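To start, I am sharing the structure in question, which I have written as structure tokens.
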């Protein structure tokens, strides 16, 4: 086999198995999913899977769902939420949608109820405030932002729960491929924020799901 | 007043008030703590407070405790833990102790039971494994490491709970003041990790405490 | 002479002459101020002048005022404001005060009425909103912030006038000496912002004064 | 709707509405423009819109103008200038034209009279001086330059009004995608300069227009 | 001749001649190999050779072997191993395979017995431990890893022999094209590690072979 | 105990125990050395130990040797060499001597015969060639260089054995604290080179000693 | 006119006019060349001109010569050398040839006798020494190198004349697009070296020609 | 001897011997100078020598001259100029004086006539133009500038001779210790410029002297 699939991880962590799709062929992805199914792990989430590859996987696994914006594939329908509360995904603008959706759908695939508050950037902060009641019900917030990455700071000042910040590579010039947003989030003057890699909506959702299942 | 103290935050977030000591005089710190006490918020944690300043503050506030390694001051005794479980602080070596202690004592000051697993670097990984049972009881792990910052990845593979990673500025040359460890942690191949700023033991503990009180 | 003082600049630009104090001896600063006075330019602002040097200059020029926080010296009393409106200086926290004051006093020295809104960081955004009426009266806003540098974005969403953003070197670790705040400000998703160098309160005030005298 | 259009911004700021075209489909752009028109905001400026998308938008909105060099689309004819003076756009070379034109047309779309001084790089400084009279009439100057980014410094020494500096990504090797020019402009030894993001002609023009309408 | 082939190197160093294929045409590569063969050096390893070029070279040199994953071409069959022990190549995941194979095949082409331990990342460290006996037999280990680059640290703690660390460009965002892994490896807290350039499987194998032939 | 001393490492790796002195007090260092002695490991090498600390340690351990240039302390006399050949340490200039000596003495402390070729920079390459016979006898070469870091490339072209490259922080301006030399060494066009951290003479010597004892 | 051609420069500097071809259309290049010819400046060198554009220019200007490797076009035959001595262009490997040829042909186009010493990298330094007599006759040396950029240091130690160093973007990984070579050259321990931008063979040749015509 | 003094360099290059003072003790410097004198090379220039060390050297070598601003020591009086023309050193401001003087005195020590044009920054470009006649007589210009580093570009547009650019570390914040000026100079749009390391006045003067003696 080209990859020792780690079937013990689900037992250890109690979650849907995740496969990193980037750099794997459709045949490899299909084989991994089938191997997992045979070992009693039929629900697999594949991240960063290009649309053409997804089509090929779906031919072999007709039940599989695919979300083109977030490039996620799930081999089975979304599960019933079994987390303790809601995960709210907030994002700053249209361009951040793919990463926000990667976070939102991953969280759903891992068994969480998800609320979305999109297009709520800090430059028009009244838009964020008009969603204050949704934010107030969050057990965890995932705040996704590119450019200056200020959204998590403002959100963390509004909510008493943990905020997971996801910088995106949206921007140009001095955004340095998302590094500007990443640095801003790491330096937030607000407490209760931690940060994942640029464009890593998956990582934030995984962590949020662990917290929401505590 | 030189600073509008935000007395609403405690109500909002349910935590001990925190003051950032760096760049404030002892007189400023004392005055802020007294103002908070008058407004019914007697427990204040002061971070990054130099030893000489702490001595001056302690003269005005004789009950205050000071931990020189982590440069933390608390105006009242540590509270009884009221969090749901234990926070485990893991660290890689002697040099990372000040940051690990900043995390551990902050977590205690915010009402958490804390377990310490120190000097458990990845180059001698058997030392980490011999603490596996302590790790297994964690509700949240704070993993502190400088140099190559590999500890959180290994720990996250061992525990099913969220891991908060704290890079430290320990190292020289290509450690770039902690940037090497920071980048490593952001790029962890393990799931369930989020990251705070370099040397920000406080920030990790604050987030961990929010999670532990959910 | 060790420096060809540019006496034409005041005529060209209609402003108080400015001398960069860093790296000049007290004797050099005194001599430059005296030479300017002889050429009919008695009001000179000296920036980044250390306290000991300032004392020596004040012995030779007893009328001179010195502000230790912002390290500014002015050889004559502050002038009457002759700008068209008010310049509002907003800042995010106690640690940013020296830079904010460099901006505020420079603006006053260049003939502007200045309003200060300090300690109004984005993590407690209600504090900023409670100063909305002061902000609304600004002809230009100078927004000073370190760490994640999010303040100018939020402010620019609240006011219809130009915002000059000043990143500060306040922070540690991934703040990279102010580079994080600088990048954030350059990438602001809000319109109507331009940026000056890290800690350059003087530069923002100079530009604000030019705008306020148009 | 995929985007909460912020119809209050025009009321707040008194300007043409602006849509960031990058990363939006032609259908999204068209729908946003139509929604704005229905809400009484028929003049919309779309920035960074690729030529093919523009053609599709123009089919739905036949009145719309498109400038391929600067990738700007305006849903209605340019307005009559209502600013107080002229904005002069200076640039250093043929390669900087797209950014300079983004600034110039944006300024016109926001109601400003614009003068262009192009191909006036600092290496042949006589070319800049032969346009001294045009520069002298500016209320604001926008100085656009790539490579070493020296133009704003020289221009700011010639004019008494604010200079907004736009670094461009023109260059190769150590230009680091415009970072060299950006750093140069932030470090200008001339007073009266503030800076926007690399290639952000739009941002400079927006702030220039705010200043020109004060 | 477009290149002075250095026929003395083999004599000096006792190894198969190596040609860097990137940036050379198929015709150039073929000519160099033929020139070497005429000078008594028939075994040539060509690195970083694109598949199309390899096909063209193989038409002229039908004996040549080509490995598409690692983009290596060898003009003759692999030699019999003549090194003193085994070189073990360890790698962290599927995506690192091309670099790991570049190392493994290069080592074989230079006369070494090679053992492969693949998909043994630190986040599932039990997978590494289950190969402990293979690792224990190594005379040199080559540890290949992208993302956080932690594998060499863990491996070096397990084996008493030299570890050559190869960072790969696998990752996204803050992996900065492999720089994060590179920095991590340079800062390893484990002793007995030295590092080669990002994706330089060849370089690690060359040095490992020198060591294995001492 | 403040540090779990890893007494198994010597058994595993067969080497003198090493303690990292930076950031440890003299008392801590002394205690660690005594604990190791009690466990049957009397020879301990302490690296990066400041002179004042060394004096204090020597009072408790009178047999200990200290080399002020390289800041190394050894609790017992240098051992008899038991390596297979000689390690040659080459360096480019007087300023690189402390790092070169850290490498040379560490190698001796780990049981190796060491030859020194100092002040042999590439700008006067005849000086290097006049030591060609010493280089020719090396089993491993450690090449230490700051500034442009070119020495390892030239040396590796002259010798058939592995070269371990140590960049130093010697230089100013664009040397970026040794990063320039580090990058140069990682990009060497010569084969047979691997690299350790900036100023890490210890690390190169440890690796060289492993190789020399194979 | 889209570009104010600077016809005074030739008079000022006495050289062939140079046009930067990147980012200009074939029509623009042709028009500039024709305008220059009409103003009595028929010899124009166009740099960084893509092959397709060159073909179009050559249709309008049939006398024009084009060198595809270095992407240079010259509207007239190469002139007779009128410089005082020879310019020697040294380069480290096949991949650096395009930049070396840009330097060599530019120098010839500006009226210099040029000697080429190619494929003389520092890892096989005997190849450089076998060209010592050619180097000894240079009035200026242009040393072109990518990767570790060590060649200029070694060359400058061999010749008594000025060395102009050209870093190239040849390399991968930690070569950072030529920044590694650039930094190495700026930090050379050899005297008599100055440096131009990455891949700027033109710039080195222009400076060399100025020196050779003094 | 602690340093193999390269007595052949003077013969090879015909220049005063130069010793890099940084990191050498006064005793080492004195011994080197005496050794050189004994080998018939009595004129030695020592760079970057701290004032206290210089005093100690001057006690042993009473003829030695020392310039505290530029930290240069020369063991004998300045020689008669024997270069072909004048070297003009231009600089942008008071703070750049130490580097400019390092260049100027080095050039004089190597046998050149030097003209100084100081405090001629680009923000007041008329000051540069009023020295046009001095510049016109230069055989080589050394242009020294910190902050935005624009001076060499403007100067190179005014003179037909080679310009050697020296970035300085003068500035703060985004000047990044001189990197901003360095990048600006490497990207100059003017032809005829080459660059040396940050603050390397010596290096520019050495190269200028080689050119002036051709």
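Residue numbering begins at 1 within each chain, and the chains themselves are lettered A, B, C, D, E, F, G and H in the order written.
Rule of thumb we're sticking to: a contact is a pair of C-beta atoms (placed from the backbone, for glycine too) under 8 Å apart; a residue touches a chain by one contact, two chains touch by 3 or more.
Computed from a predicted structure; not experimentally measured.
Considering the contact criterion stated above, the chains in touch with chain B and with chain D alike are A, C. Chains that touch both chain C and chain E are the following: A, B. Listed options A-B, F-G or C-H contain a single repeat of the F-H interface, assigned here to C-H, on the basis that more than half of the contact pairs agree by residue number. Counting the residue numbers used at the interface between chain F and chain G, over half appear in both copies, so the two copies meet with largely the same residues. Rounded to a whole number, the gap between the C-alpha centres of chain A and chain H is 57 angstrom.
Each chain gets a centre from the mean of its Cα atoms; for chain D and chain H, those two points are 42 Å apart. Work out the mean CA point of chain A and of chain G, and you get 50 Å between them. In chain C, the residues that reach two or more other chains under the touch definition are 124, 173-175, 179, 182, 186-187, 191, 197. Interchain contacts (touch definition given at top) occur between A-B, A-C, A-D, A-E, B-C, B-E, B-F, C-D, C-H, D-G, D-H, E-F, E-G, F-G, F-H, G-H. Contacts from chain F toward chain E in the complex involve residues 12-14, 18, 84-85, 139, 160-162, 164, 182, 186-187, 191-197, 203-204, 206-207, 210-211, 214. By the touch criterion stated above, chain E contacts chain B in their complex at residues 92-93, 121-125, 147-150, 153-154, 156-158, 171, 173-176, 179-181, 183-191.
Residue ranges of chain G in contact with chain D, taken from their complex: 2-4, 6, 8-9, 20, 22-24, 28, 167, 169, 177-179, 182, 197-200. Chain contact summary for the complex, chain G toward chain E: residues 93-95, 97, 119-120, 124, 126-127, 170, 172-175.
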